[in-house]
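Shared between the two complexes below is chain A, which has chain B as its partner in the first and chain C in the second.
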Partner chain A sequence: MIENVNPAMVDWARAQFALTAMYHWIFVPLTLGITWIIAFYHTIYVKTGSEEWKNLTRFWMKLFGINFAIGVATGIIMEFEFGTNWSNYSWMVGDIFGAPLAIEGIAAFFLEATFFAVMFFGWNRVSKRFHLFSTWMVAIGSNLSAVWILVANAWMQHPVGQAFNPQTARFEMHNFADVVFNPVAVSKFTHTTSASMLFAALFIISISSYYLLKGRHVKMAKRSIVVAAVIGLLASGFVGFTGDEAAYEDAQHQPMKLAAFEGLYQGKKNAGLVAFGMINSGKKVGDDQDPFHFEIRVPGILSMLANRKFGSFVPGINDLVYGNAEQGIMGAAEKIEKGRVAIAQLDAYKKATKAGDAASAQAALSLFDQNREYLGYGFLEKPEDAVPPVGLSFNAFHVMVVLGTIFPLVFLAFLYYSYRGTLAEQKWLLAGGTIMFFLGLAAHEAGWIVAEVGRQPWAIQDLLPVTVARSNLTAGTVQTTFFMFLILFTILLVAEVSIMLKQISIGPEEN
Partner chain B sequence: MNTFLLLSWLAVIVVSYRLSVLLLKKIELL
Partner chain C sequence: MITEAMGKRSSRTLAVRVLEFYIDGFRRMTVGRTLWKVILIKLFIMFAVLKLFFFQDFLDARFTTDQQKADYVLEQITAPVQAQPALQQGGEL
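Then we have the complex of A and B:
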């Protein structure tokens, strides 16, 4: 199988998926987060009956509507790419991966889309209470969509509740509850959706800051900011907490990913977290170059993140590639050997079964079972192939963490001056506030890179490398559709930005 | 841990709403 791999095709297929996902990821977090904030505004309107709160709610709803439509378009294309570019993946794990995606489409997305229509067009057409109920259902439905998508993604990072069927060479679901309550899924869901609340709060603060700077819609902007800054502040604290949980899960199930985040080549006890540093992107595994141009580490923090214990051992990239007998860590080289045995025995099992040789089939199956957990490693050419792009993972992780540390301070500053009643006079803060949306976007995209680049070379952790998950296409075919999508998505983005800018320039209705 | 994470997530939403309303009232924007 591996002899047929066309690396250029795999790279283009990965680039295409990354392009689609990163465009999709501009719109989705805003949808996930802003629906809650709109539900808050709408509730306040229904409770007070104030026309000013109604206009405020309608304004943010309008911006959300524009964003929602384009997010759906990119999401649908992404699901098709599983079939076009990753057909081996879809064939091998469709039984498991397909289930959450189907539930997402049928239950969550339909729920969200149905109530979206009522929420958007229901003003003066349905009762106030049902209208408000619809707004809350849009928030619940869109976040339920995220549950199922993240359950599917988490399964790729930590494939639980499954078993490999040697007769069909496919992975089959054995326990649905294990897949749904996968600890990686829960940590991903809570981290991603709370980060989306934070991002939506920054979006509202950016536009409201612009209005305050211009002296337009002042009362509406101040009200919008208070609600956004409160949810932003609480969400940013929770993002930190769930981020810590995500790092712990990575250490347990994807130690190579955590080592790449931190540029940790040599494992150590009482391992430090890089507070500030510049990674040497030219370093390769096994050479004697220094991994950093310079670095400042805070001792013990990485050990604490990884194992909940200061002083504990955190394996480095070298330990995971070449093994560390002292710490009982099996290296990728040994895993490759075992994986190749698994592949060979699987082949022998199929041949013996076909020939009707039950004894040989049983012997092959027994050997396969002993080595099945290393199946994916058998497709790697060399141990160093088990290492993700370290420079990109490190930089994305630290951009995410640094920005995640700045955001709560921003929300606090907005709340403090709102409380003092002097927010409109703080021109420096408002000027900074207008660019916060872009910093939020950078943090979100960095988070996506951390999760997806950090798990390379695996489509499914330890079981299926991306080189085997791909379709049997030529690089040229994927290259052509890559540029088609690039043009299409750019047009969609330009359309969204221009429609939004027009609506922002018009502003909310005034009484 | 799963239950704790999910309940805390819900608490972020509920507490955010309550705190927003309290603050809006305090600074006379509601």
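Then we have the complex of A and C:
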């Protein structure tokens, strides 16, 4: 079936979605993370009554406002794309996503209409305590609204609490709690929000380092750095902990993703984690080429990450594609057969229902039920189609991990020299500090690639590949809107950067 | 009755105060004015141009009832795709 799909349309639709999501993802983590740090600054101001802390809080609040204004509603474009480019998918998941996205929309509206306004307009006009309460509510509310988007995303990675209704062609929610407390959703939320806090701390360190290098707003910059570095350091620890949880969930529910981002072709016991390596992008599944040009592995760590047990077996790409009877792993070929049975029975059910043949419909439904968990595999042409782009997944994962290891050291260095009172003299550290924002952004975007490219070919894990999730449109239609978005996003990004740079150059005194 | 009248007056006063809070807040904005312009232009482009002309909902544009949409999607996931020619945006089935 898949050979008849227009691959160019699917690729352009995926590229368009990636462009939109990665652009949206420039703004979201900063919004999620910086609200917490601003709330801490604001609390210190209310506790001390110091005008300097007030100006500092207002300055970072203004930069947050710019980021929020440019980023706001860019996520809506993704909803447009769902309806236009991914209509089969949209229809099939409507029942699952309706509730979480509606809650997100309502929560965001009330949050933005009330507490945002009080936070920005409330200086000297509402009581200090209510103003501070509003700032904290913005932090809590914006992070809570992220819950629902991540619940929806996690459901695609691990579709729990649902059953496919062959009459409506929809996945219907059977258990709301299962969807909300999906372990993948919990790990996604905690990992995303802690990583966002870390990213916001890097943003503050970058701008404050610039001020210290220029000898401007020195006191404000030093104070900003101390609070941001403490929060960033704590967040780094939490990012590591939740990242470990995310890898464990991948191993349990998306073992192919884990094998891809570790470049693990042949499964093994006591599997090592690649600390450093260059993957062979020319390698294809099933050929004899070495997966790496070179690599350095830390023995046993991947087994520990994947199964919480040293010496345990971690399946590789070959095991998952071709099966491994010794380890009880079913290969993709067998899953494809079962998936094709599910599709055939779905077709038989449809025809029997139309003909009013209740007995045949029931028999078809029964067979469909026995094979429904492999439904998506039935759309794949060959077992190798179940493998995501390994090179991209591997590189993105290792960029994320390496940067995630460097960041706590950066925070420690900033705290150490702040404690010694010699931070302003450490030009090398401040120069490095100015680029930390960009490295943080790279780590975040890499994390998105790991999560979304690593789960290919699935729109919904094991149930719906992207080639079937798409609309029946021509590639040209999607190409046109891709380039329109590219232009629109570039203009908006230039607008943000110029407004942001202007405010940074003005600094806090002008507030 | 007096209490009721006072209650109405105080709730009206609160509503007026909240309204004044917003109006005054918007009036005092500096960078915020530019940001609101960016937001409004962006929303106009998104909803009045992109959504209207380029991002019609594929199924809504072609079907009127949920059953028709369900039948179409079911057909898509069970029937060979070569029987279904790709469509231009807004094209008819």
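Note that the second predicted complex is superposed on the first by the 500 of 511 C-alpha atoms of A that agree within 3 Å, B and C clash if a C-alpha of one lies under 4 Å from a C-alpha of the other, contacts with A are read in each partner's own complex, and residues count from 1 in each chain.
Keep in mind that, in the parts below, contacts are C-beta pairs under 8 Å (C-beta built on N, C-alpha and C of every residue); 3 or more make two chains touch, one makes a residue touch a chain.
Quick caveat: nothing in here was measured; it's all calculated off a predicted structure.
**Q** Which chain, chain B or chain C, is in touch with more residues of chain A?
**A** C
**Q** With the two complexes superposed on chain A, say which partner A:Ala332 touches: chain B (first), chain C (second), both, or neither.
**A** neither
**Q** Under the stated touch criterion, which partner chain does A:Val227 make contact with: chain B (first), chain C (second), both, or neither?
**A** The answer is first: A:Val227 touches chain B but not chain C.
**Q** Now for A:Ala235: first (chain B), second (chain C), both, or neither, which partner does it touch?
**A** In the superposed model, A:Ala235 contacts chain B only, not chain C.
**Q** Can A:Glu245 be said to touch chain B (first), chain C (second), both, or neither?
**A** A:Glu245 contacts chain B only, not chain C.
**Q** Quick check for you: in the superposed arrangement, does A:Met92 touch first (chain B), second (chain C), both or neither?
**A** Touch partner of A:Met92: chain C, not chain B.
**Q** Return first, second, both or neither, reflecting whether A:Phe80 touches chain B, chain C, both chains, or no partner chain.
**A** So A:Phe80 only meets chain C here.
**Q** I'd like to know which partner A:Ala169 touches here: chain B for first, chain C for second, both or neither.
**A** Second partner only.
**Q** Using the superposition described at the top, list the residues of chain A that contact chain B and also contact chain C.
**A** Chain A residues touching both partners: none found.
**Q** Under the stated contact criterion, what part of chain B meets chain A in this complex?
**A** Contact set of chain B toward chain A: 1-2, 5-6, 8-9, 12-13, 15-17, 19-21, 23-24, 26-27, 29-30.
**Q** Any idea which chain C residues touch chain A in the complex?
**A** Contact set of chain C toward chain A: 21-22, 24-26, 28, 31-32, 34-36, 38-39, 42-43, 45-46, 50-51, 54-60, 66, 69-71, 73-74, 76-82, 84-89.
**Q** Which stretch or stretches of chain A touch chain B in the complex?
**A** Contacts found on chain A: 36, 40, 43-44, 48, 181, 183, 186-187, 189-190, 193-194, 197, 219, 222-223, 226-227, 230-231, 234-235, 238, 241-242, 245, 415, 418-419, 421.
**Q** Report the residues of chain A in contact with chain C in the complex, numbered from low to high.
**A** For this pair, the touching residues of chain A are 1, 4-6, 9, 62, 65-66, 69-70, 72-73, 76-77, 80-81, 83-85, 87-88, 90-92, 117, 120-121, 125-126, 166-170, 343, 346-347, 350, 379, 468, 471-477, 480-481, 484, 488, 492, 495, 499, 503.
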